[in-house]
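Following this line, the structures themselves.
In the two assemblies presented below, chain A is common to both, partnered first by chain B and then by chain C.
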Partner chain A sequence: MAPTACFNCKEARAVIIRPKNRHKLCRACFIEIFETEVHETITGANLFFRGERVAIGASGGKDSTVLAAVLKTLNERYDYGLNLVLLSIDEGIRGYRDDSLETVKRNAQQYEMPLTIVGYGELYGWTMDQVVEQIGKKGNCTYCGVFRRQALDRGAARLGIQHVVTGHNADDVAETVMMNLLRGDLPRLSRGTSIVTASGGSDIKRSKPLKYAYEKEIVLYAHHRQLDYFTTECIYSPEAFRGSARTLVKDLEKIRPSSILDIVKSGEDMAALVPREVSQSGKSCKSSAAVEEEATGGCGSQNGRTSGGEMAAMEQQLAENEAAESHETEIQLPKKVNGRAPKVVKAQTLGHCERCGYISSQPICKACTLLEGLNRNRPKTAIEVGIGMEDEEGSSTLARQMEQAQLTNS
Partner chain B sequence: MPTKELSNPCMECKDVEATLDIRKRQLCSDCYKRFLAYKIIRRTDGYRFKKNQSTRPKLLLPLSLGVSSSVLLHVLDSQIQRQLAKPIGAKVPFDLLVFVIEPSTIATSDNLHQQNYDLVLERFSTHAHTRLSIHDIFDYIPDMKEVMLEYAGSQFVDDSSKSNKDRLAAFRNSITTATSQTDLDYVLLTRLIVAVAQKNECEAIVWGDSDTRLAAKALAGVSKGRGASMTWQVSDGMSPWGIRFEFPLRDLYKTELEQYESLCQELSGVVIPDPPLPDNVLTKNLSIDELMMRYVQTQGAKYPGVMANVARTANKLQPSSSDDSITCSLCGGLIGNVKGNTGVTVTSQSGGNQGSKFCYGCIRSRPDPTR
Partner chain C sequence: MADSTNGNSAATISITVEFTGGLEILFSNEREHTITLPARLSDGSQPTISYLLQHLVEHVMKDDRKGLFIMEDNVRPGILVLINDADWELEGEENYELQQGDNIVFVSTLHGG
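So, the complex of A and B:
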């Protein structure tokens, strides 16, 4: 069979079928088109300003590695005038994060960008390994997700940087749209798709320049530019629930490749249709609940805050609501409550956590609440952990204190 | 005086043995029917004969002869019959126009289902009835031919010497994928139904979409880039043609409607049973609508509430307030982005959309000239 010529340049031999639209392209054209699309996204959304310092949330995975590579290329090609740095979070998961951090360190050299690593241990006094030891393998993704969303912000604040870019891709955004639709989560539906998820004031702005880039194309790009990235998925996320939405999106992509982009488009439109009292609740105090919510990324796109159990729990709650409603029907008082006129929706108000000052819709933010729970049971675990701790770097402050206490006692 | 101890009395009337289980309530068949009918009727409460009006509101009920729309017809008919049976002071809330699109002109089967339709005419004779074929769309919407021609692009050749039926068939054959075919069939159906409603001066269309169907429709619509149309395709609300769309079955699962149907003598012989879902179909050969229907049905068996919540969530979206927006000449959807959406999907990533008469969703279903 004669080789097919590239759809774009019509000269070179096509070696890639573009997942997005099945165009047959040569290597050079694919790379150029991919980069140009990211550039269009950046300029279309006015993402950066000249001289801006931008931290790239780098996990060592394909998304953030491609993001760093593309931003470096575009920054030079189009003279954005950006000052790019890498920011990594060390969750403290041995066998996963320590290896991927090595990748990030190599990336820092390859792209000549300064790298900062912030650890859960130093921020919270708990590494994920310790959290898992305490609460087990189930449900720990909640901790990781909640901790990470603050960690990136705190890391950026430490560097005096106002803007963090993350490697969320179109597949992630499409999954989020589907997931929020399945969960009936209107506030998140209104924020999940926006390319910039916080702005103004002293708060850190988050954005996703790869929002319209297909996961498959990111892999292809990384492959054809021979980028150095880390592929293992988090060892603690076997039952991540995003699964349901993810399977659906993958099936849709098989049927109609443009689906992923189509879902993103639908998500953007629907976000604008969410009643104001719901969507405004996050924006009015500037910072964002959006930051709070989009935190699912970071360890690739694998993790999710919700577990399968959560779906069942929601089902149960809905069934209870239903039961309560049918009691209303029974005593025939429907006019006031039911009826089609009022579409009452609960609004969220955002303030600051009383303990750490982080944005929160509750008096105490989720991270502090989780930490409180963890710390309550600390003494027992700390001693257990403390024993095996000697050979482990990045041990928690508290554990180190315990060690010191033991030393001074002996 | 209790005549006999009931082992499992109906939770509602307490007089009869409960035979059915719905939402954790054990009911007898009469109370079950009443329970369902109540959930439907309260959604049409807004349409009633008011004192200061000279005429009753007229609602168009599109009847596919499937379970859901047949049950809707039965419930609304019973409501009207109850009023008519009153010797004095009958308050008939609204008039119904029952509209059937000849199923054989949409589906591939040749079965005319004449007997089913005759039974509808006989048993629901109080109401006005109309039956048309899908290709009558050319008579009802005069510019439809031009719109189609423009939509299908240069590859499609229209032969004006042919009958409406053949011309529509040629257009439908020019659409290549299952997803696009299903998508456009639904668009055409909607257009014809709306046109009939307009011609007959109906105030609203009462659709027979069950909760299950609405959830699948919402997920499929979103997947096809039609998120902006959810405010009238899944929500109760004003359609782009100035006629309200209502979905009175939105609280009821398909399985519940099937149970109701099995309890109604009047519906036997009317309902055309759904063709069974074929097993072992490759995912990529399904249409997006089929995929979503399967998803909602399988997940709905485990998590009915979660699936119900999808339609409820979509129903909370509020239509965009801007009146100046341009609408798609095919489906009526919005061209470009919803006001307030600053996304750049349309402008730079999809191509060929600017200056178009068609919306994003319709462009996606358009035959691709590059392949």
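So, the complex of A and C:
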């Protein structure tokens, strides 16, 4: 097959087809356009200010490595005047995190950024290995997710930094939109789509500059710039529900590559329709509420395959729907939510955890509640009670049902 | 690993295959593999990516979790394929006819970061 010329420079050999617009680009043009688009995301959202100190949540994986590389490049190219540092969390999972932390240490040298590592062990007195030893391999993702959120904030606070950027990409956001849609969780759907997820209660802001970047392009960017990143799967239990959402998103991308950004866009549009009191509700565990879902984005992924045939059928259905669309009347957003009570709307007052001082809607924050359970050598079951809807596992029943449905499907 | 294609013709081609992004776990933790294939298949055609996939699953991949690499006789969605550094979509995907010295990279985008 004859080589295709680059859509942009018309000269070099194209090596990439962009998922979002099918443009064929050469290596150099791809790298430049990818960086330029991140720059546009950053300037469009006024993400940074000159002189700002920004911590990059760095795991050693592809997303955060690309984020660090791109931010360093842009900071120099466009003279943002940012002071960039790397902040890593050591969950204390031997054979998993210790290897990726070596990658982060190399990244710190490669990008000339200072690196801080905060460990679950020092923060909580429990490493994930120890947590798993106590509670088993099931359900430990809850602990890890809750601990990680606070750990990033605490690490940033320790450094006196008020802005943490994470490597969440468009695929992650699309997954989160799908998950929250499937759970009927409007508050999280709303918060999860925004590029900045700081809440009033927290003084540490979170943002995701790669929000519009396809995972595929992130991987290709890392490949073509030969970035040093580490890949592994968490050795503990995968998150089945997110795994299914991820699979769905990837299957859709295969059929229609623009799907991912379209889902992100739909999520943003739906978020705009979510009444303010709903989107603001239930942010007990603070800044993290929105980040919470995504915090585990890098975790388990291998579950829940569906056949492509179902997707094809769905595609056909969509085409038929489209044909019928012109006959539809526009549906207005109902003034009141009908049906079941909108439990999420109950107002919450943010306070501080009595034990650790972390922002929480409960007297005791979730991390401390989990820790109490661990320290008392209590089984996990007691934990879901009383945490209410802020509990990520609040939908665990649904997740279990989904798993069962999958089993019966296959 | 040595390849054993029992063709009566000695004509073979040699290519390199790389697994990254976490896929190496499925292939004995070896990132790079040198693969020898017959230059012509029994029906006279040249080996394609499809043929390579089948070959990899049957002869190279020792891990039982074939479904993490192959779905419905093709590469699982979420795994990128680069043919001599170019997206395989630019080269005819699974119908690309392999040439001596080709470099084929499989990159998973599915693993965590």
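Keep in mind that, in the parts below, the second predicted complex is superposed on the first by the 300 of 410 C-alpha atoms of A that agree within 3 Å, B and C clash if a C-alpha of one lies under 4 Å from a C-alpha of the other, contacts with A are read in each partner's own complex, and residues count from 1 in each chain.
One rule holds in what follows: contacts are C-beta pairs under 8 Å (C-beta built on N, C-alpha and C of every residue); 3 or more make two chains touch, one makes a residue touch a chain.
The shown structure was predicted, so the numbers you read here are calculated from the model rather than taken from an experiment.
> For A:Asp251, is the partner it touches chain B (first), chain C (second), both, or none of the two (neither)?
Both partners, chain B and chain C.
> After lining up the shared chain so the two structures overlap, which partner does A:Arg13 touch, if you call chain B first and chain C second: first, second, both or neither?
second
> Is the number of chain A residues in contact higher for chain B or for chain C?
Comparing touch counts on chain A for chain B and chain C gives B.
> Touch test for A:Met270: chain B only (first), chain C only (second), both, or neither?
A:Met270 contacts chain B only, not chain C.
> Considering only touches as defined above, state whether A:Gly373 meets chain B (first), chain C (second), both or neither.
So A:Gly373 meets neither chain B nor chain C here.
> Kindly classify A:Leu189 by the partners it touches after superposition: chain B alone (first), chain C alone (second), both, or neither?
Once the two structures are laid over each other on A, A:Leu189 reaches chain B alone.
> Contacts for A:His223 in the overlay, against chain B (first) and chain C (second): which applies, first, second, both or neither?
Once the two structures are laid over each other on A, A:His223 reaches chain C alone.
> Could you say whether A:Pro363 touches chain B, chain C, both of them, or neither, answering first, second, both or neither?
It touches nothing on chain B or chain C.
> Could you tell me if A:Gly81 is touching chain B, chain C, both of them or neither one (first, second, both, neither)?
neither
> Do chain B and chain C land on any of the same chain A residues, and which?
251, 254.
> Along chain A, where are the residues that touch chain C in the complex?
So the residues of chain A touching chain C come out as 1, 3-4, 13-17, 24, 27, 59-65, 167, 171, 215-216, 218-220, 223-224, 229, 231-234, 246-247, 250-251, 253-254, 297-299, 301-302, 305, 307-308.
> For chain C, which residues count as touching chain A in their complex?
20-22, 25, 67-68, 71-72, 77-78, 80, 82, 85-87, 89-92, 96, 105, 107-113
> Along chain B, where are the residues that touch chain A in the complex?
For this pair, the touching residues of chain B are 12, 23-25, 35, 38, 42-43, 45-46, 177, 179, 218-219, 221-228, 230-231, 236, 283-284, 286-288, 291, 295, 299, 302-306, 308-310, 312-320, 334, 337-350, 360-361, 364, 370-371.
> Could you pull out which chain A residues touch chain B in their complex?
22-23, 37, 40-41, 44-45, 177-178, 181-186, 189, 193-195, 212, 244, 248, 251-252, 254-256, 258-259, 261-275, 311-312, 314-315, 317-319, 322-323, 326, 329-330, 334, 338-340, 343, 345
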